[in-house]
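These are the structures in question, set out in turn.
First chain A sits with chain B, and in the next complex the same chain sits with chain C.
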Partner chain A sequence: MEFASRQEGAGTVAEIAGRLDSVTSPACEQRIRELIDGGVTSLVLDLARLQYVSSAGLRVLLLTAKLLKARDGQLRIAGVQPEVRSVFDMSGFSAMFQVEESVAAALASLT
Partner chain B sequence: MITVEHLSKRFGDLVVLKDVSVEIRKGEVISIIGPSGTGKSTFLRCLNLLERPSGGAIRIGGVNLLDRSTDVAKLRQRMNMVFQGFNLFSHLSVLENLTLGPRKLRGIAPAAADAKAMELLRLVGLAEKARQFPDELSGGQKQRVAIARCLAMEPDIILFDEPTSALDPTTVSEVLAVIRRLARDGMTMAIVTHEMDFARDVSNRVLYMDEGLIYEEGTPEQIFGSPAREKTRAFINRIRSFTHHIGSPDFDLYAMNAEIEAFCEKHVLPKPVRQRLLLVVEEVLQMYRPLLSTTALDLVIDYSERTQRLELAWESGGPPGNPLDPAHLPDELGLSIVENLAEEIAYERRDDRNRVSMRMREC
Partner chain C sequence: MRFATRLVPARIGELGAANAYVEACAVAAGLDARTRFGLQLALEEAFVNVCHYGYPDGPGDVAVTCETDGPRFVLEVADWGPPFDVLALPAPDLTLGVAERPIGGLGVHLIRTLARDVEYRRDEGRNVLRMMF
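Now for the complex of A and B:
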């Protein structure tokens, strides 16, 4: 799992690549906590290079949403691959998150 | 007609046949199926003494073939064998191949032997090849001549040792057609074969041989349609299995994934199927995680080449309980993924073990 973040436009873009599974999720959670504890409130998760997600990964996304909500923050998800999309669909995630086509669209949708 | 009692055969320390008992009645067509190297051919070869059994008895018309006093040569004539490699006499014409036995062993006059031989060649559709030599014939034609040669000796029973295994697929059917015809005409036959559809069609009884025994026997409907025992089922359904033992909560998911990927590649399972399988396995393993400090877990993935379906079985010890019971799970995420990707998810407690089974859904 690769995690990289940068400031862009109105928010922070965090790119998560590779696998988000029971092995890699703890490290991902750690990185996200660091960002939010460091003051990030508008977060775009760029999942264009995420190839695999399991329930462990979904829980990290849920936690991210929760942490941001507690700080009146916003979360967007961009560029979801078909396999990841189908896991979102089967766990009802697609209804819970705002998924945008691209990072640009996600950033533009931040208020 | 033939009664085999506790037949055994070993080659030095290698026990090929442990204890085989079977009766072959007049007019029956018996198919013998099973994995390679399980003694099917050895069994057949014992019947006409091409191999000398280590123990047991073979009675033909009440006479034990293995008795020292028995006239084996005479008894052997009543049984005839068709081999995988045809075994025709290459220096003799097709007709001469057929007449040699009757003339030399049964004292039949040349003219009568020729006439009978031509009749049999007509029966197998090769009358026009009578004057030709075996090397001028195709594999299928050679085999049909071999069958005609058997028939020329007027045997009581014909033994077929994988009659079509050495033939290219296009000629298999012409030989099976001749064997079907013999079955219809009431010839008693024992056929070792890998042609399942043929065996199902033509036999009265099927013997599945494994572990040096007749592991299971029954009618074609029973053996091919609803095999009762595990190895028979695995053979009939061409089930390929992957097993993995998980002994601790800190199991190496990636190492197991690599093995599962290798299994999938071996059976040429497409990428989406692999992905879904790995996801289901990861999700179920997460559900078992809390239990793994007190019990080990055995996973079996069965892939049926016949149905192209993947079945998973999870077996663990410990107190009775279904690890997939929603009441025990922190949330529904994992379970909804599993239920989406797998069906017929069942739990049973058997022999002090907890067993969860499921089948991957078709895409």
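Now for the complex of A and C:
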């Protein structure tokens, strides 16, 4: 799992790449907590290079959404690949999250 | 055709070892990439359940078995912990919003969704989860 974040326009874009599984999820959670603790309230998760997600990864994404909601923040998910999308569909995450085609579209949708 | 049973310590850090074994069996059985993705995910969920809850009193092992049954690929994940039927867990409510959704509870749901069929049995002191693809 690789994690990289940058400020872009009205939000912060965090790219999560590789595998978000039981082994790698704790590191991802820590990085996201650091961003939110640092004051980030508008977050776009770029999943264009994410190849695999399990329930441990879904847990981190839901936690992120809850943390941002508690701070009146906003979360967008962008670039979801077919296999990851299928896991989102199975778990109801596609409907629960605001999923955008691209990072640009996600940034444009921030209010 | 039964490939073999691989014993893996019930620790999250050993997921890669379990995964590599199942992936090798799946490739040998000629499974396509999409089925292998589902197999990997079901394996992780079953394996991690044992790591978290299977051995409350100390370390233990997970037995991972792959076999083919006609056109089906069968994955069994077994442990020697106290009797526990993961399939008895309640199904999650997938319609809840972010605020109402509880954290967790999706692993077994994913197994049920990914596998064509899944069965639990208690067998000679072992919990055995049999997943058919």
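Following the convention adopted for this analysis, the second predicted complex is superposed on the first by the 111 of 111 C-alpha atoms of A that agree within 3 Å, B and C clash if a C-alpha of one lies under 4 Å from a C-alpha of the other, contacts with A are read in each partner's own complex, and residues count from 1 in each chain.
One rule holds for everything that comes next: a contact is a pair of C-beta atoms (placed from the backbone, for glycine too) under 8 Å apart; a residue touches a chain by one contact, two chains touch by 3 or more.
None of the values given here were measured: they were computed from a predicted structure.
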Clash-or-fit label for the pair chain B, chain C on chain A: clash
Partner chain in contact with A:A65 - chain B first, chain C second, else both or neither: second
Touched chain A residues, chain B compared with chain C: C
Partner chain(s) touched by A:D21 [first = chain B, second = chain C, both, neither]: both
Chain A positions touched by chain B in one structure and by chain C in the second: 21-23, 52, 54-56, 58-59, 83, 87, 90-92
Residue ranges of chain A in contact with chain C within the complex: 21-23, 52, 54-56, 58-59, 62-63, 65-66, 69, 83, 87, 90-92, 95-97
Sites on chain A touched by chain B in the complex: 21-23, 52, 54-56, 58-59, 83, 87, 90-92
Partner chain A, residues of chain C touching it in the complex: 12-13, 15-16, 34, 37, 40-41, 44-45, 48, 51, 92, 94-99, 101, 103-104, 106-107, 109-110, 113-114
Interfacial residue positions of chain B with respect to chain A in the complex: 253-254, 272, 275, 278-279, 282-283, 285-286, 331, 333-334, 336-337, 340-341
